[in-house]
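Take a look at the following structure, please.
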Amino acid sequence: MGDAVTPALALKDVTKSFGPIEVLHGIDFDLHPGEVHALIGENGAGKSTMMKILGGFLEPTSGQVLLDGAPAPFRSGPEAEARGVVVIHQEFNLAQDLSVSQNIWLGREMGRFFLDHKAMRHATQALLDQLECRVSPDARVHDLPVSDRQMVEIAKALSRNARVLIMDEPSAVLTSHEVQVLFRQIERLRAAGVALLYTSHRLEEVNHLADRITVLRDGAVVRRALRGELTEDCMATAMVGRDLKDIYPPRRSDFGPVVLEVADFAVPPLVEGIGFSLRRGEVLGISGLVGSGRTELAEGLVGLRPHTGTLRRNGAPVTLRSLSDAEDHGLAYLTEDRKERGLLLDKSLRENLTLSTLKRFGSPFLSREAEEAALGKAIQDFDIRAPKRDMAVGNLSGGNQQKLLLAKTMLPEPQIVIIDEPTRGIDIGTKSQIYHFIDRLAREGLSVIVISSDMPEILGLSDRILVMRQGRVAGVLEGAAITETAVVRLVMGTSESEKASENA
Amino acid sequence: MRNLSLSTLGPLAALILLIVLGASLNDNFLSAANITNVLARSAFIGMIAVGMTFVITSGGLDLSVGSMAAFVAGMVILAMNALQPQLGVGLPLALIGIGTALAVGLLAGLANGLLVTRVGIEPFIVTLGTMGIFRSLVTWLADGGTLSLDFAMREYIGPIYYGGIFGISWPIITFALVVVIGEIAMRHTRFGRYAEAIGSNDKVARYSAVRVERIRLMTYVFLGLLVGLATILYVPRLGSASGSTGLLWELEAIAAVIIGGTALKGGFGRVWGTVVGVLILSLIGNILNLANLVSPYLNGAIQGVIIVLAVVLQRKKTSAEGR
Amino acid sequence: MRNLSLSTLGPLAALILLIVLGASLNDNFLSAANITNVLARSAFIGMIAVGMTFVITSGGLDLSVGSMAAFVAGMVILAMNALQPQLGVGLPLALIGIGTALAVGLLAGLANGLLVTRVGIEPFIVTLGTMGIFRSLVTWLADGGTLSLDFAMREYIGPIYYGGIFGISWPIITFALVVVIGEIAMRHTRFGRYAEAIGSNDKVARYSAVRVERIRLMTYVFLGLLVGLATILYVPRLGSASGSTGLLWELEAIAAVIIGGTALKGGFGRVWGTVVGVLILSLIGNILNLANLVSPYLNGAIQGVIIVLAVVLQRKKTSAEGR
Amino acid sequence: QDDRTYVIGVSIPSATHGFMGGLNWHAQQTIARLEATYPQLDFVLATAGESAKQVSDIEDMLATRNIDALVVLPFESEPLTGPVKAVKDAGKFVTVVDRGLSVEGIEDLYVAGDNEAFGRVAGEYFKANLPEGAKIVILRGIATTLDNERVDAFEKAIEGSGIEVLDKQHGDWNRDKAFTVMQDYLSKYPQIDAVWAADDDMAIGAMAAIEQAGRKDEMWIIGGAGMKEIVKRIMDSDPQLPVNVTYPPALISSAIEMTALNFVSSTPVYGRFIIGSTLITPENAERFYFPDSPF
């Protein structure tokens, strides 16, 4: 791709400030038709901000956006969209009360005077089929799990027939199968001459997809490269600004006694017949397809969903009717749904951090100082990058929100923590920090359950892996039996996997 | 039909229970005359409630509709009385009245809508303010008393309320038309779709090129027009307007909307549900008149109990979902 | 202070403007007597509005408070009249009255709260229902008329409203205390923090081990208690209760809360703002009475205009943010 | 007379303030008494908080209760005129109470208080008992035609007396509202010699405000309608409440009784009965004192 071609979309010396804080400093950038351009960088580096400027959702503080070489001061996202520039946002951008089909066609409904429901439903179905997504066009978005919501977002973007498609971490909440489907679509669009901008913290995806790579650090471009010029390690180094080695900590070996025993556990309607045990100092991974019931199991275990069966904590039977019961027994849960269940987006960092542990911050009167101190510590421990401490959490970058959520979950100092998708949207450097953090916790005597759709993560982190399929335990793998193929077989449910589960 | 979910079936069941109760209390309950009465008087609040459904669905609220109805009625009467010397009693004057009602309603709705969308004040405050303003204005116009239409003219336009076609009275026909149009607008036009989208998440709607402020404005204007239409039927019935005309209609209209299953927070509108809500509220009053069940002092209590019960069925679900 | 953001400064500016206006219209406006009058009469709605701030902050609503106040007052009077033959006029009977007020208020709030949290009905419907029920009950208890406290006892408890300490009357002192406690509860206790969290996103609150239903219930109970407390001050004033006691207080209390900058959708509570809102509403009435600006028929219109204007300053911002 | 049952519908405004409470009470008492005395009479009572609801009530009585007669106290005159006429046109016996219809000759029987006299009698007392240059304030009722009639009559009665009306705001026949308005009058006017609170509920509110301001000795108050507590104090010669003007809520009883008489006796009943407003003084107060009534 030579420079002779006019870029479809470009930035010229763009800066962006929120109040007094400048988060983008003089960015020059261009995006060509028929290329996949990857934008990578640490959490808070400014990727989403840059994408929003390209897509017309934010105005640059200074500098220019160029469309086909001509200045294009978009006044709004829809205006940019009308000119073929479409964005898949990092945050969900769907109306929860509306159905899948209604969301996809919002603002561009079919039908002259009356809405043509049938045509829209058909077109929706076709888009979903193309994405191998099995949700019904009439399902309410409110009722969909996050991964399906993301597929709907993608379907919505595809329906726009974009010339320029900007994707802000589209794969963060997807499973590997869905990611494959997405890749096929991206390749199809590239072949059709669409200009694609892609960001992801999964560097293997970048390696696989990108024709060009732009690395952003602290709001400035620090590296530009063509396909094949950067290894994943180099990308990580360029992003973080230092060498990263040993992303995954070594496995642990000496475990304590069983701290949690689950038998005949069911979370209606999907999950049933679950039994497993968890030892002190152990990291138990739970793997499975989307919809296999991992989240439901976890939410049942911590009392967030009605459940049946027995739970033994340190040998004694316990009933956990609510999350506070669970907390009393030293359990904590980190939700996979950061926006809807994890954080109060319009509240400050402090208020979010301490929400589930307020009791510790003074009774009857809360101590602002103690809370601030806890926040200070959390910001340090979890490397949360917030331009201002009293900003609304919704304005944090996605990865930093995730880090705050992790800090919030760990604040009660649980003995058992269930982490549902721990590193969604987290940059590689921080990811590694989190893995080592989990390892340190385990070595200090905590027990950790990690639910993850990220295969390398689950393989690299777990001492044992429990695989779920259709609401049941498909098998448990331990020690040397943990291999990618073994896990995949259990996940998919081939006959070998049944044997493997018996051996396990 | 997919729209007939639990949230509409709940109030529907309550409505049917009320009808059975009424029929068992009094033989005349199901007489044509009584049914006509109940439906016709539901028409005022009913049409307003249909408009209110759109306002609430898109995340708004309008507390001013009762006072607005009084104000519109006052203006209609003033206009007709002023022009009667020139035009005489007859169709032209009636048309002037109709035109005045629609125009004043539209302008009043526009005023509310502009304050909400352009000036950016909370709908609750805007319409609380205009509620006071409209009611005050009509009291002032009436010099503290009652504005009344000339009796001859009242006789002439009486058939608008009392007359009809094929034995169905005009208010019922008009109400039915408004409901059908409302239902179509909600389910099958962009207007309704956008109202739901805005109420569900206005940022998403804005990102999808929906003209959020315009649709919001339109919901208030539409409601204002319907208040005007309701007044066209109201004036022939009572022939007058005063500071107490339309008192608490806003509460009744909002209650009908919510009973019908529309979410107060917006995002979710049910025109049919609203109709059921209006009928429930009308029937409660009718049934209390059918039999001297208790001291009239307790009517309000019975009404309260039934309103709550009517919603219990339907809400069971929501609460279970919530935990 | 960081809480004194634009959203409280807006109404504060409106309040100051009103005070300047009042002082320029009438020399007695700033007299101790007038200030005492305005503050004391603000106390009822004020205390209720502080409670309402919590209910609204956590995403609820209570339309029943006005009727509840009438009902509580009625029960207090009945209880005191019934026990006066045994206990005679004196402190024990006064304490019985106080106890009755708080107990009935608490139970009434509990009823609302349980219907909202346990049965899962929308607050709007629940409290619309109980609004009718409470008002009906007091009318029924009073046989349609007025329940009056025995004259001797009224004289005895009169000082609760009219008396005071250091020249400051009890209603003002109580109101001030309620405000301070409310402010502390909102800003510096778990209760307030949870109320905001629930109003902001109740699912997140539930996933943060907040006992959502319990806190919601508590906001209604707290409001009920404050209605009881307000009634303790109300009964000594005129010694009577009837079906028209507390009429439209709910609207005034909610308006005060919203004018004060609390979001109707919940998530943000401003106790200080509510106080400013209450004072604005009281002052409008006071100024209209003190100055013969216009026909009294137009009082409602002026009130409406000022309410809207009071909010314009503050909302400018929000609307700009919205796009 | 035959032995069929007659149904009499009674439609009145609901008990929103003291006077109406009294009226509601008298209506119920009378109905209970008449039903006990005359087994051939059935009554249907409905109360309404606004005109449209009252019209609905009357429609319901016609459509479902087969009434033979209607006793109606119109919430407002104008809007009720047409619907009451419809009842008359359906061949029913119609009694109108207190607030007349706006078209004459519809009703068979009219029983009313005299609003003009209500204002005039009070005004005459002011004229006779205040010196020239005296300053008074007025508390008006809810903005309605009947309130206008009263206030107009009052002002006409004091014309030429040199009495100055400082202010006339609405107290809405409500104690709390009257208390507030009176407080503000007291802040505003250093000199007030007398108060006309055109309703006893308002008089009670105003008195409390005056007492609080410690200006009890400066002014007296005339209320209206003869609430029992007020009548009692007139009996006891309270200097603050020298007199009162009657407007008996019991007029509904007369109306219902006379209507009943039309069906149970052989003499037809018709005509206009105006129950005049007279001055209650310490001398005659006992005659107007009904301790059992809620009003």
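Order of writing sets the chain letters: A, B, C and D. Residues in each chain are counted from 1.
We adopt the following convention: contacts are C-beta pairs under 8 Å (C-beta built on N, C-alpha and C of every residue); 3 or more make two chains touch, one makes a residue touch a chain.
Keep in mind that what you see is a predicted model, and the values were worked out from it rather than measured.
Peer 1: Which chains make contact with chain A and with chain B at once?
Peer 2: C
Peer 1: Weigh B-D against C-D on C-beta contact pairs and write down the one with more.
Peer 2: B-D is joined by more C-beta pairs in contact.
Peer 1: Just give me the whole-number Å value for how far the CA centre of chain A lies from that of chain D.
Peer 2: Computed value for the inter-centroid distance: 73 Å.
Peer 1: In whole angstrom, what separates the CA-based centres of chain C and chain D?
Peer 2: 32
Peer 1: What's the distance between the Cα centroids of chain A and chain C, rounded to whole Å?
Peer 2: 45
Peer 1: Hey, what residues on chain D touch two or more of the other chains?
Peer 2: 14-15, 24, 28, 143, in rising order.
Peer 1: Considering chain A alone, which of its residues make contact with at least two other chains?
Peer 2: In chain A, no residue touches at least two other chains, as defined above.
Peer 1: Give me the residues of chain C that touch two or more other chains.
Peer 2: Each of 139, 143-144, 206, 243, 297, 299 in chain C touches at least two other chains.
Peer 1: Quick one: which chain pairs are touching?
Peer 2: A-B, A-C, B-C, B-D, C-D
Peer 1: Please name which positions on chain A make contact with chain C in the complex.
Peer 2: Counting only chain A, the residues touching chain C are 304, 322-324, 326-327, 333, 335, 340-347, 351, 355-356, 358-359, 363-366, 368, 390, 408.
Peer 1: Contact residues on chain D for chain B in the complex?
Peer 2: Counting only chain D, the residues touching chain B are 14-15, 24, 28, 44-47, 49-53, 55-57, 59-66, 75-83, 102-103, 142-145, 147-148.
Peer 1: Could you list, by residue number, the parts of chain D that touch chain C in their complex?
Peer 2: Per the touch definition, chain D meets chain C at residues 14-18, 20-22, 24-25, 28, 140, 143, 167-170, 174-176, 179-181, 183-188, 201, 204-205, 208, 212-213, 229, 293-295.
Peer 1: Give every residue of chain C touching chain B within the complex, in rising order.
Peer 2: Touch list, chain C to chain B: 63, 115, 118-122, 124-126, 128-133, 135-137, 139-140, 143-144, 202, 206, 213, 243, 251, 254-255, 258-259, 264-265, 295, 297-305, 307-308, 311-312, 315-316, 318-320, 322-323.
Peer 1: In the complex, go through chain A and note every residue touching chain B.
Peer 2: Where chain A meets chain B, its residues are 57, 76-78, 81-82, 89, 93-98, 102-103, 106-109, 113-115, 117, 138.
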